[in-house]
Amino acid sequence: MGLGRRDLLKLVGGGAAGFFLTPVPWRLIDGVAIRTESWPGVPDPPRGEVRTRYTTCTLCPAACGVRARCVVDQPVSLAGVASHPASAGVLCPAGLCGHHLPLLPNRLRQALARKGDNFQPVGIDAVAGAVATALADMRQNGSAERVAVLDARPGRTASLMYRRWLRAAPNGTYLLAPSAEATAPMGIDIARTGTVLSFGAPVLDGWGTPGRVLEARKTFRLIQVETRQSRTALLADGWLPIRPGTEAALALGIANVLIEEKLYDAAAARNASDFAAYAALAAQFPPQRAAQLTGIPAQTIIAAAHDFVGHGPAIAIAASDPGGGPLGEDEQIAIAALNVLSGSIGREGGFLPRGEASRPAGFEEAALAPEQGIAEVPDASIRVLIIDDARAAGTWCWSAIERKLAATHIVVAMTEFLEGAAQHADFAVPAPAYLEAGEDAPAPPDVPAAMFSLAGALLKPPPEAVDGAAFLNQVAGGGPALADVLKQRVAAIHASRRGEVFHYADASRTAVRDVKSAADLWKALEEGGCWIDHQPTPHEKPLFAILGDAPDRVLEAASGRLPADAQFPLALVPYGWRGAAGGAISPIMTKLYQESDLRPGGDTIELHPDTARKYGVADGHVAIVQTRCGSCQRRVRVDESVMPGVIQAEVGPSASGNCRPEALLNACGVAGDGTWRLARASLRRA
Amino acid sequence: MFPWVNGFKWDAGHVIFLGAFYTVVMIVLATVVRALVRSRHHVRVEKVEAFRWKQDFHDLPARDRRCRHELNGEVDSRLCENGFDCRSCAKHPEFVQAAAARADLPKGELFGFPMPLDRLYHRGHTWVRKEKDGTLSVGLDELGARLIGKPERLDLPELGQHLNANATAWSAARNGATIRVLAPIEGTVLATGGPDQGWYLKLRPDGPQPDTRHLLRDGEAVRWMSRELDRLQLLATHGACPALADGGALVEDLGAALPKNEWAAVCGEMLLEP
Amino acid sequence: MKNYRGSILFVAGFAIALSAGWLAFPRAEYERQNQPIQFSHKVHRDKGGMKCEDCHAIRDDGTFSGIPAVDKCAGCHAAPMGTTDEEKRMIKRYIEPNREIPWLVYARQPENVRFSHAFHVKLAKLACERCHQAHGDSNSLPAFERDRVSGYSRDILGDPSLANAANRHPGMQMDDCIRCHQQRGVQDSCLACHK
Amino acid sequence: MDRSYIARGLERCTTRRFLMWLLPWTLLLAFGLYAAGLCLFKGLNQTNMDNRFAFGLWIFLDLTVIALGAGAFFTGFLVYILRMHELKAVINSAVVIGLVCYSGAVTVLMVDVGQPLRAWFTFWHPNVHSMLTEVTFCITCYLTVLAIEYLPLLLKNRRLRQVPSFLVFEFELHRVMYVLAGVGTFLSFFHQGSLGGLYGVLRGRPFAFREALGVWPSTFFLFVLSAAAVGPSFVLLTTWLVEKITGHQLVERTVMQKLGRLSGVLLIVYVLLKTIDTLVWMNRTVPGEGFSPQQFYGFEPFGVWILFAEIVVFGLLPAVVLLDARRRASQAWLLTAAGFACFGVALNRFVMTIQTLALPTLPFDRFLSYWPSWQEVGTFLAVVAYGVLVYSLSYRYLILFPQERDLKAR
Amino acid sequence: MAANKSARYGMVIDLDRCTGCGACMVACAIENNVPPANAKATERTGITWMRVHRLGNGRPFPDSRAVFFPILCQQCGHHTPCVAVCPQNAVEVDAATGIVDQMPQRCLGCRYCMAACPYHARYFNWWDPAWPAGMEKTLNPDVAPRMRGVVEKCNLCHGRLHRAESKAAAEGRRDIAANDYVPACVEACPAKAITFGDLADDQTEVAQLARSEGAFRLLEKLGTESKVYYRSERPWVHQAVKSGIGKEPQRG
């Protein structure tokens, strides 16, 4: 009897019935559901012992203490070091995801040489060779051209080594980065400051040492002078929305009030050789005139002046914007002069002189090339330019540098990414990234004490990577390694027996004189610690000139930087924030740029509704910003808080994560004094 | 879902909600299972044919379910409720009583349409003739014969098989359609014939005296047949069935005359298959 | 006979399905993998005189060291101590290049499970054997069995087959945890044991 | 060639024409399945839904479709429980519509969830307090019931009933149909309701939140009522549509009017209660949550007009027409009114889902807009195509309108 | 299993100190293995357990002012909107800590809870979680990455709570030390704007701040008893929050 169709059905039916009484269907349903927990789309976190290690953040001059949580050796999260003398347990968003930087996909892992518009791999010795031959050539026919090192992070021990190296090189020139925060001989005693009059300094958004500043915020009054309603302006006690480029006028206006009403510190004024001249200059800016120039009501100016000196120690600061670049030298003079009037120089709660971590022998100032600003170097004079930490140069205006290069030149960029200035280099040399370089962090610009911390390497750099010092040694054919010089410096500090060590791990402090050996000090610093010395260097108040050598230039600056221009009726104001100044950023930054509207991003401009209406653009449109120097395309964001007639443009990463502010910065152009914080522009819809 | 699955609590919410759920599931399950069991049972005891006729009859359009006594003019309008099996009808005897008075003049043909009265007619266009030997011969009446004509295939019951009245007696395939023919009366199959023999089945009746009250006879049959012819005319729109009343003659083989689809529809209509 | 034929076929199909599901499937469900190298707890304990805690310890921060990293092995096995080829292989493959040994962990919970040994051992005072059999005496490592569907180890899922119903491993699935927690009256939220 | 599958005496177009009719719908189905496949394998990023518009086109249309499919349970209820025999003329069609609507909706829901492979968790670890659990349980149960109700229709197919056991089973099922109808009614009541509850319980969405009557928010009952109200209207419309397409009259006009009247009666009650509910919401619920009703209608394009349209234009108006015997008698009025009624309920579902999510709840929220992606639209078109196909096949091979043959013979 | 006594963890966020720097968002993402946004993601499809919004006072320059509003799961303690709606118990309020737990492994991604949450604190995984190649090794081992198609949200850094608990257990304690458990956003905030702690314990700073002048909660009238409080001295902020919904925000 064969199996008929019916029979087969019966058999299958029986099978089906039995099937449901076995574990098979249930295990499958369950198993498949469980599989969704670990299917290919879901990554596996690392496993292993969790350790805590310490280092110092070198992403910006603030040199915050870093507590790294590592699985075995790989950092998985960074945090501040509680009660750190400078950073007070704070890290900025960029610092918090700094451990992603060494792992970024666009990491530079081998040296590249420019071929036309793109780069090709090349050996590092080839690069060193190229530089060496150039130097040899210059030496031979004793050309007047320069060898320059452009240092994005001055004040490090490495910087000292560059300067010493340059001293030996033909016309060696040591250049400070355009927007680098100057390492002033004075720090700010912010904890005891009564009033801060800030001319566009991002006081609460990444200025000086954020930890210290924000901690002190409870105690000082903040008057923010800024065109833009920045985060600082929002939280300031007073916001003076000033017409772009008229800071000097306001400074002199306030000075005028203080002098007229005899509210200034006469004793301090006596130290100024040219106080009379200054007073005369200020006299030309009565509140009414200042009001006309700045667009701030006279009453407000007067009130601000009273406010300024009315609450104990008062300082006026004019820091450079991380994206917008520095204020003009002349504005800075006009603003700094206010500190003379408030008598805050050398006074508690004001600017305090500070010492410096002792240097090893052979690094005395005399043995080093002097620090110079780019503006000071004549155009077309640099034959060889070596840029250290070009990544941090993400927000420089390249044309400011380009114009200094000689007809034939070599530009070498020491960098972790092919970003920022590195894109313009002839050679890109892979440098150790953050957390990979065993280096030191200089005293933050605003700390009123000598400081020195080591940024111990938590990770191994890629095999090809070399630090700047090593590269220069290779060029010169020999020289001490950075690590050795660092050790010498630590030894010198130990020898000086000054100051104390702050240990990150347990927030304890040890006086240097109690540290047995230099080796112990080194160990303490490398395992996570910083040396700090509050002892100010002896400093008598010499006679000095407020206006320096250029009273008329100050006058000119104060009379308004931005001449009216019918063709370009709008004012273009670039700005940025420290965290994004570095070209490459962690992908997690998409939280700030893409997944929230917290930061407008480097592909936008902000306009007042009226401005937008007037030029026929609306929120979301793409507009073309045109200046005399160039143009750039950006997405429009309409915002009530923007000053009418002003285009605000963020310099920094965009939602897409990469930082290509070139177009904007070039459009801004570079003024004679090496600033680009302001330009005349016109606007139209793309 | 179940008390032993984690997350389950013996609180009102769970008890009521899941209680309701399981009740519903049980009810649905029980209903379906019951239906299954019963139908399996029916198949076992071979009630299928009975059900089929029940349903067919139920699905027939009202005009096909007229009571024979309406055709007979004994009642104005009445629908049959018993699947044309008057033996189980309560009203039937009364009508018969009433009709008894009426005299009938039987006539062997209808507009030249042979209608032998030596046999009893079933509403499904079959006839039954009591033979001398006590057997029953079953065949298609003239109309049925002309409807089906020469079938391409004929499925006759096996010998010895027992047929119920109104069960499928045999089925004929033609023009790509199968037409089933209802058994006019119950009985056991003794022999099978075909269109050529003039009869299709010879049956041994269940009892010595087969109950044939449900079958049409004499004048009643003639009246019924004339009405059937009218119906046929209505149905078959084509010239195949000329107005007999006007002396036209019905074509010999409707199966050949009518377009296939229409033919199938007509057969179904006339042979009481919805 | 004819009447019953259908029923017989039905039962036959039923039986086939049952046996396949209960006997064949549990074998087919798991893929067997051998450990990268063999290891004898017994030898290390008896000859090496080591205690369990030497390798499987709870750290001060409450995390569990689990299976020791290769440097722990290197501590003794920098050079061969015994004569087994297995040891030589380990030294050659892992210790010399200082590569971690890719152990297949029988009791590894899914990534989303948070299990604190500190809780169960230090506070609840549970014996290791409560969940892991007495590995101490084991002389070799059994094959690692991974469920083809869910991807988890047999020690986690437990074993549904009738074959070894007698000494059936209870498994370490959520239900098993919950059962014990309920017995001990521990009330938990999901995230107490998930991460 | 498929003659032998078509019940005798029913006039159906030629196989060729039928296939021509199926072709475009099949293509549409294929396209839709592709779209759905994208959503399943690439994930819901294929849709235009987002964290703020967590529900989109799919939920809105599911709610609508299920409301329209309510004809199945309600007609069943009337025929088998209340014994309104004249409605037998449409019950089969209603069952098919119900089956199509529900199976379609459930399919789309399966695509709509992010982890379909875990869908059974809802049964295994149900949160009995969640409206969605109620919906899931009821709809799956009711879908089963519908399938069982559909079975007799299928088995009655001319070819299938040749098989003796099918024939008998169909007969037996038919006899217990009233039980299934009862269960169906019970289930439908709850899931139609809990679909309303779905949004009514959202305390965090003041626009949708309604205070509870007993355990359920008022929307629970409003949804049941509105669904029951449009069910007949939709059956009416489809029947008319099929008549237009096939060119046969399928049911007695009286049946249509009966359906119309039923819709009218229920609709007027619904409109009344909906009005009361709205007033309570405006004067009690919303202020209680610290808002004022105007706030919700301040965002164009969703002004007060939408409320007016929902209650008056597409609620009260059709109700009045359907209740007026003279108007009802005219086919045009009847159909227009039925159409309005259906649209009104669709609008109500739209307001409950889309408008609710579009409205901000926090000071710094935007009023959101949302436009479905082609994948979303495609997926739903698949359901439409599937519905048309199933209905077409059923209409051709099964007896959806018992009166058809008699009406033809007339 | 957390603390024996049942705690009600919550926080007070001082809006007058928040500079809107976004450190909390970054720290949160790193701590909880929240992936970087997919290239196609927008601010409406991205995942940010902690998101800083900007609320303007709606007045034109130069009177325009704005405040930064960090929004995270408000940990509702009553009528918790998301708990009641979840069809399969993937959301619950932990009795021991008062934390609203979301279980991604139980979630089927119906997103009903997202529709229910008035604070928009819940996020759906529209894409597979993807880190640039090689960056998986920076994931936090204490938190399991979620898979595509499920909902996730802030759980007050449950991983850190676990760490604190394990530490306590290792030292033989059942109760955790208060300063062992601090969510990432709180730790990271440079302005120290967030105060975190046990609201049930009147002695804690957070409990006192929550009761202090100028403290408020969002949508308080919904009666959700959320455990995230906000503080501001600025009257217009209170005005803006009370005056209800849908102020078109200035850009952040």
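The letters A, B, C, D and E name the chains in turn, as written, and every chain counts its residues from 1.
Throughout what follows, a contact is a pair of C-beta atoms (placed from the backbone, for glycine too) under 8 Å apart; a residue touches a chain by one contact, two chains touch by 3 or more.
Everything quoted here is computed from the prediction, not taken from an experiment.
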Chain nearest the global centroid, as defined over all protein CA atoms shown: E
If you tally contacting C-beta pairs, which comes out ahead, A-E or B-D? Let me know. A-E
Centroid-based (C-alpha) most distant chain relative to subunit A: B
I'd like the Å distance between the centres of subunit A and subunit B, where a centre is the mean of that chain's Cα atoms. 99
Per the centroid of Cα atoms for each chain, what is the distance between subunit A and subunit C, given in Å? 52
Interchain centroid distance [CA atoms averaged], subunit D/subunit E, Å: 39
Going through subunit C residue by residue, note those that touch at least 2 other chains and give them in order. 59, 61, 63, 111-112
Listed in rising order, subunit E residues that touch 2 or more other chains are 42, 46, 53-54, 89-90, 105-106, 128, 143-145, 147-148, 249
So which bits of subunit D are touching at least two other chains? 115, 118, 121, 124-126, 129, 133
Touching pairs - complete list by chain label: A-C, A-D, A-E, B-C, B-D, C-E, D-E
What does subunit D use to touch subunit A in their complex? 115, 117-118, 120-121
Of subunit A, residues touching subunit E in the complex: 36-37, 39, 41-48, 50, 71, 74-77, 79-80, 90-93, 96-97, 99-100, 103-105, 204-206, 210-211, 214-215, 217, 229, 231-232, 234-235, 239, 241, 579, 586-592, 594-600, 606, 608-609, 637, 639-644, 656
Can you list the residues on subunit D that touch subunit B in the complex? 3-4, 7-9, 123-126, 128-129, 133-134, 137, 141, 144-145, 148, 161, 164-165, 167-169, 171-173, 175-176, 179-180, 183, 186-187, 402, 405-406, 409
Name, in rising order, each residue of subunit D that touches subunit E in their complex. 43-45, 49-55, 112-116, 118-119, 121-122, 124-127, 129-133, 136, 198-199, 201-206, 288-292, 295, 298-299, 356-357, 359-368
Of all residues in subunit E, which touch subunit A in the complex? 16-17, 19-23, 25-27, 29-31, 33-34, 36-37, 39, 41-43, 46-48, 51-54, 56, 58-62, 64-68, 105, 128-141, 143-148, 184, 187-188, 190-192, 249-252
